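Each structure below is given as structure tokens.
One chain, subunit A, links the two complexes that follow: it is found with subunit B in the first and with subunit C in the second.
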Partner chain A sequence: MDRRTLLKSALALGLLGPTRLLAGDAATGDAATARSVEELPALQGKLTVYLGRGEGGLYDTLVTAIRKRNPKLDLQVRRGPSASLANTLVAEHQAGVQRADLFWSIDSSSLGLVADQGMTHPLPETIRARIRDPFQYRHWAAVSGRIRSVPYNPRRVSADQLPDDIMAFADSDLKIGWAPAYGAFQSFVTAMRLLEGEQRTRQWLLGVKPHATSYAGEFGVVMAVERGEVDVGFANHYYTLRLKQGMPDASVQLAFTDDDAGCLVNASGVALLSDNPAAVGFVRYLLTREVQEYLATQAFELPMVRGVAMPAGLPPMNRIDPPEVELTRLADLRPTLALMRETGVL
Partner chain B sequence: MSRVDRFPRKTLFAAKTLFAAKTLPAAMLTLGLAAGTAQASGDLDTYAAEVEAMTATLDTLVTEHADQEGVDDDIARLKQQWSDAEYHEALEEHAQVVYPLIWQAYGGLERALEQDASHREVVAAADQVRSALWQGLGGLRVAYAEPAESGAAVQGDAATVTAIQAALDKALGEYYEGELEEANELIHAAYMEHFEGLEGKLIALDPELVEGLEEDFNATLPKRMEQGNDGQVSKLVGTMKARLDKARDLLAGQEKQEVF
Partner chain C sequence: MIFRRISWWLSGLIAAVVLSPIAVLCALGLGADLDFGGSLPRILGNTLALAALTMVGAVLLGVPLALVTRYASLPGQRFWVALLCAPLAVPSYLGAFAFFAAFGPGGEMTALTGIATPSVQGLAGATLVMTLYTFPFVLLSTRAALAGLDASVVDAARTLGMSLPMALLRVVLPRARNGIAAGALLVALYTLSDFGTPAIMRLDTFTRVIYVEYNAFGLGQAALLSLQLLGLVALVLLLEARTRTPRERPGRPLSLHLSPAVKVLSLLAAVAIGLAALALPVAVFTLWLLRDGFTGFDPSYLLNSVYASLLAAAGTVLLALPVALAASAGRSGRLFERIAYLGFGLPGIVLGTALVYIGLQLEFLYQTLALLVIAYMIRFLPLAVGAVRAPLARNGRDLSGAARSLGASPLEAFRRVSLPLSLPGIVAGAALVFLEAMRELPATLLLRPTGFETVGTYLWRVYDAGYFGRGAVPGLLLMLVSGLAVMLMIAGEERLAHRSTR
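This part shows the complex of A and B:
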């Protein structure tokens, strides 16, 4: 496609230092960028947070830090898998019970499930305005994100040889690594199904399959690319960045397709479930410059607040063109799994 | 005086928070019993008995209405039961959203009787009361189940590794019992809910270790369990636990980055 442009060799890992989320920064001015925690009032009173696991250790560290900074806050945290907590919240709601003030989830589809039940309170405009477009949702605040990427081995293939359209990989002669049983991959195929339709997705799966090697997980895909077992892979961006952190000379670089499921950005986020002032205050803490920088530097997550540096090794967000997909629809995995089974991919 | 005010009650509750759900899924009625405290379970038994008594009164009322007998005594008994019930107080405190639904249902029944509605309409109104009462009980069961984790119980990396190893042992036990599905669920949960929280730090320290464990959790161990070779399964679990020991040692040497 002519309009597509691939972020190729210029994005080679290590060549780019920390970059800025440029979109919106200049246009909106200081009022809409990240606040420092020093500017926030102390939180107090009782607050119950349902915390969906995923980046478990990291989120625990954030909870501990917020607790330490707010000794008068009686913070109760209930942990569990995001989908399971979402179901619990819906059950509690149907039973007329309100226990949680906040739902903080690694998984946007779980947030969508809760929002669809009418359980969420709208976010204050002052909070939404700080979040990067197009992630300014009414019923939940995006906290951090991850992007689908194409890790490739520069010793086996040059950036110029890579398609900038995810659908074109099916017609290429590249040796591809993928992890069909992995949840992130299935969400990616779901996005493709929503964007391109079932028939084109079926053709894509059938087209890629003959020159694809399956791995148990997406870190395995990145390692296979690095070893040269395959030319390219499909994986979330952070595996490659983490590997490069420990092995700066690793033979793997990142490329991104343009405006398709291949560069889908998915987000973790938090939804307000009550009008407890401490709940809004807690969300403000998650969106501070300090927390956003912590997520970007420690987990290589994409910071969702304007003006916070991107993880080293990623291009600025205004140079990535993710597709517009209603993230909460990514939970609809059943037709995706059926398609993957039908084509023998699973 | 509004219709609902004609029933005795301890507190008037604003009905503005009424929500749409009118019926409770059957599963909800059993939710939370196992997880509640002993005290809460005892209370729930009391509440269930009180709800049973009120629904029995409703049954009598419906039967007598069908026989065209007077039902004033039944209504009076129902009022008294509702007024005296510990269940009533518990609802006010713990299930405030569902509480007004019961008032609303009572109002509907009283209105039907006052307006000499057909027997079918009276039955429907009584069913609404019955449904709301059970819904309230389900709400209390949910409210008493699994209290939120409190305080500073944050798991460190070493404890997380230990929890993963314990889950592997438990999965092995399930496998020996022939419970393959349970074993796979434990393995999957250990990976998704615990190991993924550590792998970010570990990748930079020892990528091959992470790659090996990712494959063990997601492919090799489930496959070996399916093949049913006990010796190979237990050997692999031992290998994984040794790899996790190594992970614990690697993580122990890591400097902690402060957030604020």
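This part shows the complex of A and C:
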């Protein structure tokens, strides 16, 4: 019996509280929930952060706020695509050059690459204890999360017409929108490859392709669903919530598959690269209640610290059942790309 | 003679610097497996098809327009030339992005007018965009070649009973053939190394796949693919080396009397190009500007861009002089020049990565503005060499020889003859490098000092996050500043043409 089945049966027997992935708040005391910014000491000294993908103004607002609160902190931010910063960090490590104190990345596979090189310093236990189970990694702290979701247009299909198995979409006659060139989609296919194997993933890609329309990004997918160009799409959950924020009557709803790559939870995070005390302090800031609430309410991302409420518009988290995939294994992207090229999807 | 010798040494040194990133690529690519699931032929096919179709498109647009703007007297001649060169001021990725956003289901065009338009993407879309934004190279090179032709030859053909179109086809164009070829090959080089357009149009060319591999942590594969792309570039350079504008004795300038219908047709074509290449992106960005306002853009980004690009322009022209001088002197100089041209075929992300490795060995350079400027210089040196060489090749050597025989010292001959002669070329070359450095993105992201934001890096940031509206201000600014540089370039071209027809 694997852990998942064990947990499920324990849950059924009423032995455990709500143990689903993102709901694990109840068991822990105050000590391990979010702290307020007010409780943190001011940061000082020089701190260099490599920030992989900025999510536009949102992370910039955080950086500006942290700068403002810590006038003695000389904060240098280097922005770039996550993978290229990860490649740069590896090159720096090989040459014995140390420039960055922190690597803050939207992409867990980039963090995995850096961690694999043995460049990271382990996080203090007090930080790890604040983070939701099962995202308590040794080498990086999860900051925010996103779920793979199936946005659908309720005027074209009803929720009960949607399969709850991602693999079943290949055999459906639904018109599907997807964004194969998009990083989040490729991570999702990687997860499918790890969970279902190469052969089934190939069949799935070939099965969906004839009734799929490609878009450049996943916000585009969600907009196409809303306009009714397609019935359903595959996208990160927050694009739908962001669209609905600007357009409350938008004709798009969120559905989730059950315990498969279709509802993978991926995380952004931060890794310590030096023993600069300001670096640990910076991580603590990212995990404060204020920052986590900001990410949840403004960016509709999943807060990763216990005790912070999930963004509005999502079903209760104990109804979502993501698969278990070690996120850093998603760095194994090349076989996925080969598969997508071979099937003519990319 | 001392100048030639110094130039030769400098030129060799520059060639070595250009070769160093290629050496890094070889080291990175060593041992990487090149398993692309059999898609390598497809990638090669796409790359070649895009380059070939864009060349054809650019020649079809550029040559007739060059003939008309050079030989026929049009009302507002200068305006039309400027309008036709203006697409150079629009980075092709901005153009591609505007086309992508404007057309297709859910595009701005449909949103505004309700008319359904087909989406612009794939090979056709990429060819359309690349043609629109690169044909001015053919236009300029053809105009330059046409400027040197003697009208008497055409008159002779006409008196012998040849019709005007036949005379153009059989007498004029063959003489401009090399100029046309040079422009078309420049277009091919541009297309081979352009990353943004194939990425936005979703066409798997070498540059796009290199980028995808790089982001999938396949550094070795990206390096191997880059080396293959370099092979293609080297091939184009070999072809380009064979096309040299033959020098003709300047004669009476030719002027054609075109029927009003042909004139109107040409002007309509120019207007259509202006609408597609300029008005469309400006309209899309203005629309977004009105929708999202001026949020988030810091003027210091523009200052940073201009500063780095000015340094790059000045530095590149300084390097281009010895390379151009050496190239007009002898075989090994010509070889160095060809090597210097290779930099143009290195996609920015590859050059950037290679320079990260080199920078890490010379740590005082790593993440400094100097290394960024060096990257720009390596990448855009060919543009400056090309521009500087044209006037030197035309008349530099004979005249400076004459000056020497009249007793001028080498320094004096250089200062009083060679330098003034090449000045228009220097200005045009500097403007071109400035233009390209302003819009360069992938190498800038990798090499800039930490915290150094440019217009380009800001554009990337907002595009990446899906805040397209915030791209409006930097997008428009980039076009505006580039427009100024293009005006400088055209001024240089006109002075040059003027001198050679005099």
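Note that in this section the second predicted complex is superposed on the first by the 321 of 346 C-alpha atoms of A that agree within 3 Å, B and C clash if a C-alpha of one lies under 4 Å from a C-alpha of the other, contacts with A are read in each partner's own complex, and residues count from 1 in each chain.
Convention: a residue touches a chain if its C-beta (ideal position, glycine included) is under 8 Å from a C-beta of that chain, and two chains touch if they have at least 3 such contacts.
Quantities reported herein were computed from a predicted structural model and do not represent experimental measurements.
Superposition model on subunit A: subunit B and subunit C are shown in a clashing arrangement.
By the document's definition of touching, neither partner reaches A:L286: not subunit B, not subunit C. In the superposed model, A:L62 makes contact with subunit B only, not with subunit C. Touch criterion not met for A:A255: it reaches neither subunit B nor subunit C. Touch criterion not met for A:A170: it reaches neither subunit B nor subunit C. Looking at the shared chain after the overlay, A:L113 reaches subunit C, while subunit B stays out of its contact range. Contacts of A:M247 after superposition: subunit B is touched, whereas subunit C is not reached. By the touch criterion stated above, A:P81 is placed in contact with subunit B and with subunit C alike. Contact with subunit B, but none with subunit C, is seen for A:Y294 once the two complexes are overlaid on the shared chain. Using the contact criterion defined above for the overlaid structures, shared-chain residue A:R341 touches subunit C, although it does not reach subunit B. After the shared chain A is superposed, the part of subunit C among 8-16, 224-232, 242-250 or 278-286 that runs into subunit B is 278-286, by C-alpha clashes. When the two complexes are laid over each other on chain A, subunit A has residues 48, 53-58, 60, 76-79, 81, 91-92, 94-95, 97, 99, 181, 216-217, 219-220, 223 in contact with both subunit B and subunit C. For subunit A in complex with subunit C, the residues that touch the partner chain are 48, 53-58, 60, 76-81, 83-84, 86-88, 91-92, 94-95, 97, 99, 109, 113, 181, 183, 186, 214, 216-217, 219-220, 223-224, 227, 229, 331, 333-334, 336-339, 341-342, 346.
The touching residues of subunit A, when paired with subunit B in their complex, are 37, 48, 50, 53-58, 60-65, 67-69, 76-79, 81, 91-100, 118, 181-182, 215-217, 219-220, 223, 238-239, 242-243, 245-247, 290-291, 294, 297-300. For subunit C in complex with subunit A, the residues that touch the partner chain are 35-39, 100, 105-106, 200, 202, 204, 212-219, 221, 295-296, 349, 353, 356-357, 360-361, 363, 366-367, 445-446, 450-451, 453, 457, 461-462, 464-467, 470. Residues 19-21, 24-25, 28, 31, 94-99, 101, 135-136, 138-139, 141-143, 146, 148-150, 152, 154-155, 157, 160, 189, 192-194, 196-201, 203-208, 210-211, 214-215, 217-220, 256-260 of subunit B are the ones that touch subunit A when the two sit in their complex.
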